[in-house]
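Note sheet for the following structure.
Lettered A, B and C in written order, each chain numbered from 1.
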Amino acid sequence: MTPTPQRKNRGDRKSLKLQDIAKLVGGELIGDPGLVVTGVAGIKEAQENEVTFLSNSKYLPFLDQTRAAAVITSRDIHSSQKPLIRTQNPSRAFTQVVDFFASSGKSAKAKGVHRTAVIEKGVKLGKGVAVGPHAVIEEGVEIGDGGSIGTQVYIGRNTRIGRNATIYPQVSIREETLIGDNVILHSGVVIGSDGFGYETVGDEHVKIPQIGSVVIEDDVEIGANTCVDRGRFQKTWIKKGSKIDNLVQIAHNVVVGENALIVSQAGISGSTQLGKNVVIAGQAGLVGHITLGDRVVVGARSGVTKSAPDNSVLLGEPARPISEQKRILAATARLPELFKEILDLKKKSPVPLKENG
Amino acid sequence: MTPTPQRKNRGDRKSLKLQDIAKLVGGELIGDPGLVVTGVAGIKEAQENEVTFLSNSKYLPFLDQTRAAAVITSRDIHSSQKPLIRTQNPSRAFTQVVDFFASSGKSAKAKGVHRTAVIEKGVKLGKGVAVGPHAVIEEGVEIGDGGSIGTQVYIGRNTRIGRNATIYPQVSIREETLIGDNVILHSGVVIGSDGFGYETVGDEHVKIPQIGSVVIEDDVEIGANTCVDRGRFQKTWIKKGSKIDNLVQIAHNVVVGENALIVSQAGISGSTQLGKNVVIAGQAGLVGHITLGDRVVVGARSGVTKSAPDNSVLLGEPARPISEQKRILAATARLPELFKEILDLKKKSPVPLKENG
Amino acid sequence: MTPTPQRKNRGDRKSLKLQDIAKLVGGELIGDPGLVVTGVAGIKEAQENEVTFLSNSKYLPFLDQTRAAAVITSRDIHSSQKPLIRTQNPSRAFTQVVDFFASSGKSAKAKGVHRTAVIEKGVKLGKGVAVGPHAVIEEGVEIGDGGSIGTQVYIGRNTRIGRNATIYPQVSIREETLIGDNVILHSGVVIGSDGFGYETVGDEHVKIPQIGSVVIEDDVEIGANTCVDRGRFQKTWIKKGSKIDNLVQIAHNVVVGENALIVSQAGISGSTQLGKNVVIAGQAGLVGHITLGDRVVVGARSGVTKSAPDNSVLLGEPARPISEQKRILAATARLPELFKEILDLKKKSPVPLKENG
């Protein structure tokens, strides 16, 4: 087999002329109105046929470096080597263009309720809800308008899902889960599995019933094969706007604050709470029963063992404030050299350094 | 969406009066017979409306601190600020109360054999076995009395499952697996996938057939999206009473001894063997072909590279006895300060410490 | 339940006499022609009833140590305590014997197209393709001759799969994926889920459309519950002959070169590229946007933060060349002892070592 480029054959690829974008966002175009773009991305990531945006002056140096075809800017920017679309609010304009292109990514969405789907009694489906083949929706479930329930999805008893959900194939959502609007769950996600809770009696581990629930608020996205356990008694809670990558573990009773970014293979142990806008990088782990404040950043592969206040940036094993950890790492790297110096020191010292040992 | 408390609307929540508990466990009640509890938990975890127990005198200080509504104790305890239920055997009494409340957590269990389930020829289903929608059970499978086979579960050819199994939706169990009584498998679990075995011939990796099996003994629970590979030739073996959390990797030919606790995202490489009552904390990893003795504890995020005798407590990367590792961590944390001192030392030393390099 | 050995009852176990093997590979037998073997393995792993091979002279010391029943060798080897099968090309002979035994492992393969499978319009199935119960194949999908599409598998719109695929139960392959010949995907694998890509506007994370694809070349095998995200715009690309274990994360736009071995729970971040014959050991993590050269080896649980040239062997956190990292680890282990010596040194030094601080 010779893999061939996929993109060429696609008839469904969206495109926009710069004049269309200017119109869409109510902006002023400086540049070729007929230039065509086929996508949208951040200023450092954008490709030659994509449009990007500049909202923050710290990215100003990227304006002439970006590969993007054109840049959406504020009215403060007057000229550039690139075509510009000048608007009152470049961030809002950017999200409008993203929305336009994003609709081309919904191809995995089901249409209508498939004849092989099992919909139990008392299920309420909103306007335009689609349910894929072999999906199973148990009694008492409610799904809001515009929801797309993919192939082979399982939704347990009494779960409620808001509007415009995108539930990809083979997601499992256990009973009594509460999910907000515009939530995206990728294939293999498990929501509401039992937390890991036992009381050891002698040698035997007695299972403590896990009869809480999971609450997932609006605009949350959860990546493939990630697990969110149900609360033991209360709820496990993912707040509005948080984005979770693939293969992440969220244990029982965890609270993830608004707008978190949790990268692949990270794990958060039971009852730990995150503030707003927290970032947990890949393969990091947090012990249970701690609290991270707002805007805390945990570096990749760090092991967090203690609570940390707002705005902390943590790194290492155990995790420490990043400046401290960097000093330790630098010193550790020089250790072999240090041992050599110590040896020299011992040889030359006028007094014996160690008599026994 | 405003997430609302889930618990209020539940009509199916179980409750017990203290007088009912005393009767259930054959104990003597000291306190309000009409006080209602709605759950059960360990003494440190219990909430205001739960009952807990005290079996071990080391938890005695918690007796007056626990938030629990009441405490099941031995007859040695005579009074407390809390209501007491005094019994011969508080551990056994506790498990009786857990059993009562646990049945409320079985809501995801199927009832009867759903019309869309595919049951191949030669399948033997015990008394009261339920099979959910779109489940597939291949030829020669045997399932013991009381088993609950969830929605969209796959059970491969000739697999045998004991009594009272709870197999949650979307579990995949490959052919020839042997599973004991009272086993719980959570959504997304994969049992019996091929082990990772190749022989490299030139640049090419030739797959070595993985034709062993998996044996899972009684009372084992395995968390969401965890993988247990089949043996290459022999069996991969999870012994009685072991509990495994979400997203754990158990490679081919591994033996997990009785009553292990293996926490989320830990990984055990091929042919490694664990003794009885071993604890592997979250995100830890064990290399292949080693043996950990009985009651070994491996700390979170540790990397175990060598065998360890009974009762070892290991921590770190590479993992070492915990006291040793703690000394190393403490010393490492002081390294930047040490380097400063060394600098001072060099400046002030009456003889030159290093002449070149 | 008493778990009983599984192997005894199997009627389907393959076996070969040594004379049959000699005939199969066109070799000369020295030893008992009637001796029966039931499997095949590498020289260090082989059991008493298996045949192995010796192609590389560095394994010569193992010739008399192996537990194998017999050894396939080159014609340079003339005698051994073990029965020998002497051939022109022992590697090729070995793969022939593996092929013979491997067919006994295909029991989970479906036969025919099951009546409950959903095959949408415009799907092209090659000769002898089998599709298991409740599998769903969307419009425009093409599957080459001899493919086995397991129970409850999902294959999205326009995906193309080459010949002799083995797709185990409950795999999810999203739309527009391109898969080569002889590919094996284990249960729970997710191919083509959206990459983790957002642009943060104020506090909000705006999703960047992930509209690239995944290309998986010939002879790739991917383990249970592993995730391969689709490219943001271009493709995520797993090249020919690569083998990936369970629970691995492959992020968007990653390129895995030919014949990689990526062990369980490793993670590769977005846009990182691997050369040929790279080995990534278990639980290792690679940051995004770096390049590892050909034949790079990353040790278990290492955190790779920088690009590395061909033939690098990396270890540690952050990962360094292994010899350097081993010196650092050795020095770190001696730190507590060093601190004691420093203390002695300070006590005995003729001048004060530190005046303040």
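One rule holds for everything that comes next: contacts are C-beta pairs under 8 Å (C-beta built on N, C-alpha and C of every residue); 3 or more make two chains touch, one makes a residue touch a chain.
Here the structure is a predicted model, which means the values were calculated and not measured.
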item	value
Angle of the C-alpha superposing rotation, subunit A to subunit B, to the nearest 5 degrees	120
Same or different contact residues where subunit C meets its copy subunit A, judged by the half mark	different
Separation of subunit A from subunit C, taking each centre as the mean of its C-alpha atoms, in whole Å	27
Multi-chain contact residues (two or more partners), subunit B	116, 134, 152, 170, 188, 225, 247, 265, 283, 317, 332, 335, 338, 345, 349-350
Footprint of subunit C on subunit A - complex, ascending	1, 3-7, 10, 13, 39-42, 45, 47, 50, 53, 55, 91-92, 94-95, 98, 101-102, 104-105, 107-108, 114, 116, 132-134, 150-152, 168-170, 184, 186-188, 219, 221, 223-225, 241, 243, 245-247, 258-259, 261, 263-265, 276-277, 282-283, 300-301, 317, 329, 332-333, 335-336, 338-339, 342, 345-346, 349-354, 357
Residues of subunit A defined as touching subunit B within the complex	116, 118, 134, 136, 152, 154, 156-157, 162, 170, 172, 174-176, 178, 180-181, 188, 190, 193-194, 196-199, 201-213, 215, 217-218, 225, 227, 229, 232-233, 235, 237, 247, 249, 251, 265, 267, 269, 283, 285, 287, 303, 317-318, 320, 324, 327-328, 330-332, 334-335, 338, 341, 344-345, 348-350
